[in-house]
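Following this line, the structures themselves.
What follows is subunit A paired twice: with subunit B in the first complex and subunit C in the second.
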Partner chain A sequence: MIAFLLRRVVSALPALVGVTLVAFFVLNLLPSDPVQVWSGGSALSAEAAGRLRSELGVDRGPAARYAAWAVALLRGDLGHSLRDGRPVAFVIGDALPWSLALNLCAILAIYGVAVPYGLVGASSPGSATDRAGGWALLLLYAVPPFAAALILQQWVAVGLGWLPLQGVSAEGASLPGRVWDLLRHLALPTLCLALSGWAIVARYSRAAFRSVLGREFLSVVRAKGLSRLRAHLRLAANTAVPFVTLLATIVPGLVGGSIIVEQVFSLPGVGRLYLAAVEARDYPVVLALTLLSAVLVLAGHLLVDLLYLLVDPRIRTALLPERTDAI
Partner chain B sequence: MGGEPAAGIAGSALHPPGRAHLLGTDALGRDLLARLIHGARPSLLVGFGATAIALLVGFCAGAFAGLRGGLADLLIVRLVDVVACFPPLVLALAFVAATGRTGLWPMLLGVALSRWTSMARYVRGEILRHRGGDVWVSARAAGAGGGRLVLRHLLPLLAGPLLVMTSFGIAGAILLESGLSFLGFGVDPPTPSWGSILAESRATLDAAWWPVVFPAAALVLLLAALCAAAERAAGSETRGTPLV
Partner chain C sequence: MRARALCLVALLVAVAIAPACSSSPSTVVVPPGGAGYGGRFVYPLRFEPLTLNFVTLSDQTSDYVARLVGDGLVDRDADLRLVPRLAESWDFTDGGRVLTLHLRGGVRFHDGAPFTSADVKYTYERVIDPKSRAIGRIDGFLPVERVETPDDLTVRVVYQHPYAPALAAWEVPILPRHLYEKDDFLTSRYNRAPVGTGPFRFVSWETGRRIVLASNPDYWGGRPFIDTFEFQLIPSQETTLQALLAGEIDYASLSPVQWKAHAQDPAFSRRFETVRYLPLFFLYIAWRGDGSTPYFADPRVRRAMTLALDRDGYVSTVLQGSGFVPDSVFHPAVLAPDPALPALHYDPVRTAALLDEAGWRIDPATGRRARAGVPFQFNLLIFSGSEDHVQFAQVAQESLRRLGIDMTIQRLDWPTLWSRLQKGDFQAAVSGLVAGVDPDDTAYGLLHSSQIKGGQNYAAFHDAQVDAWLEAGRRAVDPDERRSIYRLIDRRVAELQPYTFLFFPMTQAAMSRRVRDIRPSPRGIIAQYPGVLRLRVQ
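Right, the complex of A and B next:
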C-alpha cells in the first residue's frame, strides 16, 4: 500500500513541475513590462520601480527567475504579499478553511441528491418523472452560478428573509448553535456551487444505474429474498467506480465556481482572495493561488486513484498482490 | 424605447417593465431590452471566437501529436495534461490579469487558452484509433501524405463528435465570458454584457427584480439551447456523458 502510494506520488512529479512552469510563464512571459502591469500603471518613482524590479527579479532572465522561484518554493517560501507584506502562505492559510468547507458541502450535496435521483430515474426509464427530470437537469446545467446566486439572494434572502444574504459567521451560545449559524450561512453558496455538478453527476448516475439494473445478479439476489432497497444498495456498490472517476471531472469546476460564489456571497475564502489579488495586482498571491488551484486538481486525481483501491476489489488485487496473499 | 444601450434617461431610473420600456430600465435609467440586445454581442463573439481558436489549435496539436508520435507526441500530451489541471476560470483570470488589460481580446484568448485541451486530446485519440485501419491504409496506398490523410479522410469521420464538442464548447466559453464580465474582468463599461448587467443589478437587489431576472433568463436560454442542440446531435448513446 505504502509502496503503491509512493509510486503514484512520484509519477505525479513531472506533472507537478509542469504545472509550476505553466503557472509561472502564463503570469510572466507576456509582452508587457511586468512592473508596469503589476504596479497598475500608476506613476511609480524611478526608485520604487527599481526596487520592485529587483524584488520581482525582472532584471534577470525568465529562466533565472523561474529557477529562483522554484528553489524558494521547494523551501516552502511563497514570497510576501505586495499588499500587506505578510507571507503568502499565511494569507492563503487564513482563507483556505472556508473554501474547503464550502467545497466539501457542495460535494456532499451533489452526491447526496444526484445518486438517489439517478436510481429513481433509472428504475422507471421514459416515465413522466424521468423525462421531466431530464429537462430540469438540462436547465439546471445551463444556470450560471452567479445568476443562480443573484436570484436566490433576491428571492430567499431578501424576499422571504429565510437565510442570511451574504457573509459568514459561526456565532451562538452553544456549539450546536454555532454550527447551525454556520450552516445557515453556507446553505445558499453550497446550493449555487452544486448546481452544475448536480446536472453532470445525476445524468451520469442515471446512465450508470440503467446499465446494471437489468443484470442477472440483481434478479438472483432478489430471488434469494433481498429486499428491493438492499438490492439497490448493493447495486450502488457496483457502480461506485464511475462515480469516483466523476469526482475528478467536477473538481476543477468547483474550484472555479467557488471564485464566483465566494465573491457574490462575500465568503472570506481563497476564491475571493484570488480576485482581490488579481484586482490589486498582488503578483505573489496570484501566482501562488494559480499554482494551488492546479495542485488541488492534481491532488484530486491522486485521491481518485486511492478511492479506486477502496471501492473496487479487482483494481485492489491487480495493484496490491501482496495483500491478497496475506488474506 | 431607448435605442442606445449606453444612453440613460434622467428621471426614469428603475422603471418596472411596461409600455415605454418593455423590460424596464436599470438604476441609471437605461433601457434593459436595448442593453440585453447589445450585451449579446460580447457573449456570442467570445463564445464562438474563442471556441473557433480552441478548435483550430486543439485540432492541429492533436493531429500533429497523433501523426508524429515519439517525442513530439509525448511533449504535447504532457502539455495538454498540465494545462488541463488548471480550472478554466482560474486560467482565464490569470491570463487576463497578466496582460494587465480588460476588454474583448484578452478575454477571448484567455478563454481559448483554457478550452483547447479537450479538443487536442480527442483528436489525438481518434487518430491513434484510426491509425492502421482500413481508411488509413487505403488512403496511404493511394499516395496520401499526412496532411491530406487527416484533412481529407479523417476529418469527415470526426466531424460529428467534433460538432458536439464544439457546441458544448461554445456554451462553456459563453459561461466563462459572462463569469469574467460579471467579476469585472470582461468588456469595459459602459459596453453591456450579460454578465456585467447582472453584476450591476446587485446594487439594486432589494428594489428591482427585472435587472436580475431578464439577463439571467437570456443566459440560461442560450446555454440550454446550445446544450440541447449538442445533445440532439450526439444522439442517445452519449446521454449522460459530460463533455464540458
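Right, the complex of A and C next:
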C-alpha cells in the first residue's frame, strides 16, 4: 500500500516540474516585461526604466530566472510578488479562503440539488418530473454566467434588496452572525456557479443511478421486503465509483477561481488574482498559482486512486493482489 | 456528505474569524456640534492599490489614498493651479538652480511625532534609492544634485541645472522618517498601514475589499467635513453602477452606454448629479518616422494623415460630443490654448494635395496611391481592449481608403502593444498617455530625441530645434517665458506632426445628491487640494 502510494507520488514529480517549466516559458514568450506593463500610461523615462529593470532582475535571461526560482522553491521560498513586494504565500493566502468558501458552497449547492434529482429521475425515467427537471436544468445551463449574475444582482439585490449586491464580508457581533453575513454575501455568486454545474452533475448522477436501478438484484431485495426508498438508498453505494471519479475534478476546482463571477460580485478570490498577475507579468505569483493547481490536480488523482481501492473490491484485488487483507 | 458539510462549517468559521482578527479597530470620531460635519463618503475603486507607500506607489488608486493620508509640499487645485500644502512658500534662486521651500510649522504626523525638514530629505532619499523602485516618482528627482536642511522648517534643493518643473515632483506625500527608518523600506508594515500628516488617518485595508480612512480631527488645515472616507473595490463597471443605484457607493464613473441610458432619466437625476470633466488622458497616433517605413519619414505625409482623419466628426458623432480635440500636445488646463496655433481640421482636399506633393500619387490602373511602384499601405497597431481605439481605427480606415491608402488594423493586448511601441516595431500605432500637470512631463517624453530609445518618443521624432526648446523649457523659471517656449514647440510640432493628437475623452460620472461642495479637477474629484477637505455629505 505505502509502496503503491510512493510510486504514484514519485511518478507525479516530473509532471509538476513540466507544468512549471511550460508556465514559465509561456509567460516569457509574451512580448513584454513587468516594467513596461507597470509604466503603463504614465511617463517613465528611459533612465528610470533601465534602473528598475536591473533592480528587479528582469534583465537576466529566462533560464537564469527559472533556475533561481526553482532553487528558492526547494528551500520552501515562493519568492516575493513583483507587483507589491509581499511574500507570494501572503498574496495567495489573502485570496484563497474566499475562493475556498465560495467553491465549497457551490459544490454543496450543485450536489445537494443534482444528486437527489438524478435519483428521482432515474427511479422513474420518462416521468413528468424527470423530463421537466431535465429541461429546466438544461435551460439554466444555457444562461451565460455573466448574464445570470447581472440579472440576479438587478432583481434580488437592487430591486428586492434581499441580499448584498457585491463584495464579501464576514462581520457581526457573534460567530453565527459572521457566518450568516458570509453566507448572505456568498448566496448570489454560489447560485451563479451552480447554474451550469447542475445540468452536468444531474445528467451524470442520473446515468449512474440508472445503470444500477435496472439490475435484477434490486427486484430480489424488493421481493425480500425492503421498501423502495430503502432499497434505492442501499444501492446508492454501488454507484460510488463514478462519483469518486468526479472527485478528481472537484479537488482542484476548490481553489480554481471563476474570473467572471469574482469580477461581477467583487470577490477577492484566486481567479482575479491569477488574471491580475498574468496581466502584470508577476511571474512569482503566476508560477505559485500554477504550481498550486498542478499539485491539486495530482492530489485529486491520488485521492481518487485511494478511494477506488476503498469502494471497489475488484480494483483492490487487481492492484494489490498479494495483500488484499491489508486494507 | 456529512463530513463534507462539517468541513464547510469549519471553513466558514475560519473565514468569519479571520477578518475580525486582522482588521484594526475602527476609530470612533465624536463629531462636535458644528454643522455639516460627519457622514461617510464611499468611492469605488476598480483596481486594488499595490502598496500605500507614498514613494513606491505608481498606480492611480494608490495615489488617491496616499493624497488623503499624506501631505505633499505642494499640490494642485481643481483648476490645476499650484497651491501650497506642507510648504507655506518657496522661491527659486541662482537662476532657477536652487529651490528653497519654507515648511509649515507645528504639523504633526498621525502618531503625534512632529513633521520636519528631515522627513522631506528622507522622502527624497528613498525616491532616488534604486532599491525603492520608485517608478512613478523618480523622474522629477533625477536632476537633483543634493537636498539640504539648514533648519527644521527649511529645505533647500540644489539641482544640477536650473530646473523649472521642479515643484511637480514635490507633490509626493512626505514619509514619516522615524517610523520607516526602523524597518526594511520595501516590506515595512507602514506600506499597508500608512502614517502621514494628511487630512485622513488610515484605519484599515481589507485586501480585495475596501480601504477605510477616518478624518483627522487635528489636521493643520482644519478638520475635514466627512468622518469616514471609504474606498470599495468593485472591479466590474456594471456592478459599480448597480452599487450606486443600491446606495452602496456615492460616486461612479459611467461608460458611454450607461451614460446614455441614465443621464437623461428624471428618476436617476433626482437621486444623482451628473458630472463631466476633461481628464488628463488623451489618445494619439504615433507615426514611426525613423525611415523604417517609406511613408512617415516625410512630415508632409504625416500632416496629410492628420488632415485625413475627421477627429471632430468622431467626437461629435461617436462620442456624442464628450471629448476634446487638441491640436496642441498639452491639455488645456496644463497650458492655456494658443489662439495662433493653426487648427488641423479634416480636409481631404489638402490631404490629397500634400500626398501628391510628397510623390504619393494615385495610380490610374489601381486607383490606389503609390510612389515609384511602392503602394501606400501600412499597418496600424491598436489596443483591442479599448472601444475608442477600435472604433476610431475603423473610421480612419474608411477615410484613408477613400483617399487611395490601404490601412490594415492589428489589435493587440496592451502589454504587447507597449512592447512593440518600445521596440519601434511598428509603422503606426494608436496609444494613450496620461499627461503630467507640468507641460514638461508630457512634451519631453514624447518629443525629446533622448527618449527614442527606451523612453516614450515612439515616433522616433528627432528635431534639434525642438530638443533645444524642450531643454530651455526645463531651465526657464519665469512662467511667461516658459509658456512662450512651449507655444513655440506646439507650433513646430503642428507643422511636423510626429503624432496626431486624437482627442481627450471626457469622463462622465454620477454622484449621489447627498454629496456637496465638490467639483472635479482634471485629475478627478479626489486628487485635488484643498477640494477634498470641503467635500461634505448630508
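Here, the second predicted complex is superposed on the first by the 255 of 327 C-alpha atoms of A that agree within 3 Å, B and C clash if a C-alpha of one lies under 4 Å from a C-alpha of the other, contacts with A are read in each partner's own complex, and residues count from 1 in each chain.
Methods note: contacts are C-beta pairs under 8 Å (C-beta built on N, C-alpha and C of every residue); 3 or more make two chains touch, one makes a residue touch a chain.
Just so it is clear, the model here is predicted, and its values are computed rather than measured.
Of the two partner chains placed around the shared chain by superposition, subunit B and subunit C are both touched by A:153.
With both structures placed on the common chain, the touch criterion links A:263 to subunit B and to subunit C. Using the contact criterion defined above for the overlaid structures, shared-chain residue A:227 touches neither subunit B nor subunit C, since it reaches no partner.
Once chain A of one complex is fitted onto chain A of the other, the partner contacts of A:11 are absent, as it touches neither subunit B nor subunit C.
With both structures placed on the common chain, the touch criterion links A:166 to subunit C but leaves subunit B unconnected. In the superposition on chain A, A:204 makes contact with subunit B only, not with subunit C.
Of the two partner chains, subunit B is the only one touched by A:144; subunit C is not. By the touch criterion defined above, A:219 lies against neither subunit B nor subunit C after alignment on the C-alpha atoms of chain A.
Legend: residue contacts after superposition of the two complexes on their common chain; A:281 is shown touching both subunit B and subunit C. On subunit A, the surface touched by subunit B in one complex and the surface touched by subunit C in the other have residues 30, 32, 36-38, 41, 150, 153-154, 158, 263-264, 279, 281 in common.
Those residues of subunit C that touch subunit A in the shared complex are 1, 4-5, 7-9, 11-20, 48, 50-51, 56, 58-59, 130-131, 133, 135-136, 138-139, 142, 186-187, 191, 206-210, 232-236, 238-239, 242-243, 245-246, 248, 281, 414-416, 418-420, 422, 432-434, 436, 441-442, 445, 450-451, 453-456.
Contact residues on subunit B toward subunit A in their complex (touch as defined above): 78-79, 81-83, 85-91, 93-100, 113, 171, 175, 178-179, 182-185, 195, 198-199, 201-202, 205-206, 209, 212-213, 215-216, 219-224, 227-228, 231, 239-242. Across the complex, subunit B is touched by residues 14-15, 18-19, 21-23, 26-28, 30, 32, 36-38, 41, 138-139, 141-148, 150-151, 153-154, 158, 200, 203-204, 206-208, 246, 249, 252-253, 255-257, 259-260, 263-264, 274-275, 278-279, 281, 286, 289-290, 293-294, 297-298 of subunit A.
Those residues of subunit A whose C-beta lies close enough to touch subunit C in the complex are 30-33, 35-52, 55-56, 83-86, 94-95, 97-98, 100-101, 104-105, 108, 111, 150, 153-154, 157-158, 161, 165-172, 175, 178-179, 181-183, 262-269, 272, 276, 279, 281.
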